[in-house]
Each structure stands twice: as C-alpha cells, then as structure tokens.
C-alpha cells in the first residue's frame, strides 16, 4: 500500500487538475517504454518491458497438443500471470493470487476475443496443424518483477513483444493409416514461422482521479483513483475488450468519453511500442 | 448437568416470569424445551411425533436427466441425476452403477463457509450411498446398455439449499424422488463403440438402431423412507429442526422400505443411550410417517404426469 | 473410474446447431430460438427469502438460468483479517455439478466471484458495518446463459432482503453481438457463438455503472448502442426487483 500524507495527496490531485503530474508528464502521456526481447533462451519467445519503474517479463512456450472435442479446428492459448512477492509486499499470499487472477482474466478477455473467435488477437485456427488431431498449445506466462502502477498495460505490451519474438518450428505431420492411430509428428529445428502480431491490441488503462483521467498511472497515482477503465484497442481503432476496475460507479457518458480518449492515446502508444519492439529485435539478432 | 450451570434449571424457571420469551429461549434453551416437552408440544406448535410439512416437486432442473426438490419444513434439498456412459467392470459386466455425492454449499447454513466445508457432508454422502445400494431400490441390471461393453453410471448429486435439521431425511427423500423422475435418454452406438443420444427428430429421419427402446424408466422397487428422531429424557421428538438437534444431542435415524423391512438404523454417539424399547418406538413412528411420505411422493408423480 | 465415463449427449448435434446459428447470424434478420425479439429479455421471476438460515436470500429465474443467493452477516471477520474502519464484502459463486449440460466439478468460480464483488462493492455502504464482514454466496442451480448478470441482480436483491444498506439496487444485463445484431439477455446457445459480449451492471436510480466488461471487437458507436440498450433494460429490471421487495415487505406486515 502506498501511504501518502494529506499534503502529498493534495499535491498529486492538484497536479492532475492542472495537467502537470508530479513526474512532469501531462495527463495523457505515457512513461517512456523500454523493450528487450529474447530474455529467456528456453522459451519460444520472451520479452522484458519496462514502463518507468514497473517491470514485467512475458514468455511464450509452444507445445504440441490435441484440440478439444468442442473446438476441433482451434488451438489453445492459456495466459497465466504471476505477481512476484518481491515486487510488492501485498503480493505475498492471497492478495497476489487475487491480483494474478484478475490480470490473467483481463488479458485473456482482450487477447482471445469473443467466444466465436471474432476479434481475437491470436488467430486460434492458425494454430491447428491437423484438424481434430494436432495443434499448438500456447502457454503465455507473465511475471511482474517490479510494480509501480499500470501493470495491465505493461503486461499486454510485454506479451505483444514476446509474441513478435516467437518462432514456431515448422512441423511435418504424417497421418497414420487408420483414424485412431496417432499421427507422426516431425518438428523441424531449423525452419521457424514468425508470428503475426499486427492484430495484437494495446491495453490503455485510464485512471480517474477527481474529475480527470490519466493514462499510465504510477502506484502513487493509483492509490488516489476512484475507478479505472482498461480498454484494449487494436490497430484499426476497434475496441476489443474493456474492463472496469475500482468500486465507484461511473456515468455511462463518462465511460464512453474514456473509451474515445483511450482510442486516441493508443495510436501514439502502439507506434512507440512497435518501434521499440523492432529496435529490440534488431539488437537481439 | 443443566442444573449446575449458572442460571440453569430452577434459577432459570424462577427468572422466566420476568423475561421475554425470545430472550429466555436464547439464554436457557434447555429449560425452554423442557417446559415445552413436558406439555407435549414444541415451539413450532407441533406435537412430539408429528413431522413438518413436506413437499416434493419433480423435474426442477432441466439440464439433468432426473431431478427433485424436497422441502421438509424449511430444510430444502435439490437432487439431480446425470447419466453418463461407462465400461462395466468384468465382475459385473451386465450392471450399471450409481455415484452419490452430498453437498452443503455455503448458502445453506451460517456454519459453512467457502474453504471450510461442513463436517457432516461426507457422512451424509456415505449414508445416502449405503442406503440406496443396500435397499436395492434401483436394479443395477436395468442400467446396463450392452453387456460387457457399456452401461450407465448415474451421478446423483444432492445439494442442501437450506439446512434446518433432519438433513438426511430430506436428502434421501429427494434422492428417491429424483430416481422416480429419472428419464433415460434414447441412445444408439456408432462404429467406434461410443454411445450417443438420439433425439426424436433424428429417430424418424435416420433408421438408427436404438439400444434401449424399452428401458426408458427405472422400475423403482422397494423405496426406502427415513425418519430422524431425537431423544430427550423420556421424550422422542420426530423430525427435529436445527435448533432441536443442537439442544438434544442423541439422535436416531431409521430407514424402512415399503415392505416394512428395516434398511438402516443410525445412532451416532451422543450423551444419551437409547434403550431397545425406545428404538422400537422410533420404528413404529417411522412406519406411520412412511405412509404419509408414500402418499406425498405418489401425488408428486401424478402431478407430473398430468402436466 | 470417474475419468473413464463420458456424457452421451452428442457433440456433433451441438455443432450442427452452432453452424445453423452461424448461418443465421450473417443475415440481418432472423428469429431467436425462443421467439423473442433481439431487444427482448427473458421473463424474470424473482423471489426473496428463499432460505431462512441466512440473513437474507433471493432466488432468480431467467428462462432456464436459475440462481439462489444467500447473504450472511454482518458477522465477525475471519481471525486473520486486520482491523478495518469499513466493512468487508466477501463474494463467492459456485456452480452445481448439474448446472451445465456436461457434468461439471461443482467447484468455486473465482472469476465470477471477483466480478460479482466488483459489481456490488460500489453500491454497498461499507461504512455502516465496520470491522465485520458481509458474505454473499451464490449457487447457480442451472446455467442457461447470461449467468453473471442474473447472479449480480439476484445478489443485490438478497442484500436488500438482509437489510444491508446500499446506495441503490444493482441490476445487471448482458448483450451478445452476433454478426450485425445485438441480442439482449442471450441464452447459452447464443453465447456459444457470439462474436462479442458486453456485461453491464448499474445503479439505475443514480445512473452509475458499477461494472462493465466487454469482449470481442467493437466500434465506438456500437458500444454506445449496446450500453444504452443495457441501461434501459437495467432500469426496467430494477423496477421488477423493487416491486418484488415491496411485495415481500407487504406480506411480512
């Protein structure tokens, strides 16, 4: 928990009202984003993202699996977030568990799209190798190393960076003679298929402090929030997920306004992030 | 013991005149009940050997193959059966099986909280399973589909929605009612040996070979009916509420089947000991109550058939 | 043994129905399987006082979605909890094993529990029961679609029945986006093939949204349209909830 004195609270709120936050940013300005890819050699793809003092790591592990009976034409993706107790004391024990689950659910909601698969950032049908028999299972694991607010946005950015760092090995599948026989799988260790991450949305969390909303809030600023709305926006400016956080109620018109602000901010952030990812990929090779 | 506690026994009786009824009930539950029982009446105006109003409604859960909602007073039980297919074991290749589970979700009582399940739940679960199997109410051979290849397993799940005493009675009654309501789906077998359901439409369109055209209902044989009594001094109190169970610690649960055979007697410890005469008395109470329960169940079935 | 059993209900049949829904969804106008129009909710049945062991309780039935919620407390917080000036709200959602068409495990649903908590915490006046906890426990007897909104509405009714102070009743409605159309209060069948969904919980008298989640791809005007639809339905639902409470109050008098 962030303990702030009355004076500090006043200073923070006053700054936000005058569009000059305590670290010199304007209300709709992100902290500078730093991306490093390929940080975990064993994983198929990985990335470290830093937003100010918030640091997260995401890794992608791909395994061959069998599609579920209900969706034989789709691969499976699971997202798991772990909040390290070293990042903040409250993450130890049950507090961390709850936050981890909340973040995992929010990420799944904005990356995996509707139940029919529409609007998904990761095209699940592209993960299928042989319908009903073989598919890729993607395990997305993210770790919060250090926390200074805006975890969700950083996690989404890290997952995007990790996905663009991911190469899935080329697989040759030889079907058995009878339908019951398990197909033979030959995994190549030379040829890799690159992941298309252009559809992966960015998550923008708007935190409402007083009458105004700010993006990329620090922990200090988050402690003053009434409520927050996380919006994920893809490249086309379509909204592909939204979660409201914080207890206080919001007027519907305010929510709509927040969404349109998020949409506007996302363009700048996405292009910044993309160039950072490209630079990181270049230095990695 | 009660006379030695502070304000218990005589002292409490003396104070009673100056106290509101509800306060007296809370502070001195034993004298409160003693005075009632000596006049052969209970706080809810029942006589000692009468049960609370009992209702059965069949088929409240559409997603299950058979279901029943039973209320005994405020105690509410929801039982539902889902049928799945299994490969029978080699020893009993022409029999199906029944898996019973009893749940006390946190909604049913202030004593149960998430992560801290009720201690009695597994006990009742086992009792239910024992009684259902030993009463031979369901002929397991009727659950067979293809001898040695496939048979039904009936997952019976009983949920306590509100706990107010005599949980086992309500649970068993709901289980019996759910089996009476059970409707076995029409099934056919594909090339891989998997059993699948056939809807009415499909049956007309395709000429699928049906496995169980005749066996759509179970012939429920001897139905077991339970009655729980609590013993307090020389009194036998039938169908106790949660409050009565908490105060009078010795309880006896008798299960009889429709032919009058004794299926089970259960007397879990308690401070009091029950004499054989008391047990005989309990059995005769059960016989009387069984007639009522039988009629209630028959009525529930006939209401269902009219609908 | 349990692992080797399977439900005979046919996957193929269900898939066929889904494909049929898909085909329908491309067209701009089609009939919902239960004959409702796109902006028509299922008939709601609400009742308070379903379980007397609790401080307050409510039962809700929307089509085949059946939910029972009990509220306990305010009562002593768990021993490990720190001192707190304001009360705590503890929510838990469980499904019965027979709630879904395939037999489930009957375990807690952590995601729904968290969402229920978020939808209610803004409405309950926690200052009125310092140091103590109010437990809201929901059991889904049968899942027939739009489960979470039904749980939320039912829970706020149970809180009112328990006499817990609230700024307003919370009512909740969801919509599914299928093809070009927005369907209110979707059934299971419709939810399975939805392209997107929006769940909104609000306090209608204050015109405040307490919880909003959205999945799938949406444009801004479409969000606006869906939210208006939900707010309108929430207002009507709150009216039904209010009359249900009045009725039970009259009965007890």
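We call the chains A, B and C, going by the order they appear; numbering starts again at 1 in every chain.
Quick note on the criterion: a residue touches a chain if its C-beta (ideal position, glycine included) is under 8 Å from a C-beta of that chain, and two chains touch if they have at least 3 such contacts.
Everything numeric here is computed off the predicted structure, so don't read it as measured data.
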Using C-alpha centres only, name the chain that sits farthest from chain C. B
Measuring from the mean of all protein Cα atoms shown, which chain centre lies nearest? C
Once you find the CA centre of chain A and the CA centre of chain C, what distance in Å lies between them? 27
When the centre of a chain is set as the mean of its C-alpha atoms, what distance in Å lies between chain A and chain B? 50
Can you check how far apart chain B and chain C are, centre to centre, with Cα atoms defining each centre and the answer in Å? 30
In the complex, chain C residues that touch chain B: 1-2, 4-10, 12-13, 50-54, 57, 64, 66, 68-70, 72, 75, 92, 94, 96-101, 103, 106, 108, 135, 137-139, 141-144
Interface residues, chain B side, partner chain C - complex: 60-64, 67, 74, 76, 78, 80, 82-87, 99, 101, 103, 105-110, 113-114, 153, 155, 157, 159, 161-164, 185, 187, 194-197, 199, 202, 242
With touch defined as at the start, can you tell me which chain C residues reach chain A in the complex? 11, 14, 22, 110-111, 114, 118, 121-123, 177-178, 191-197, 202-203, 206-220, 223-224, 227-228, 231
Within the complex, chain C is touched by chain A residues 69-70, 98, 101-102, 105, 109-110, 112-116, 118-119, 227, 229, 234, 238-245, 247-252, 255-256, 259-260, 263
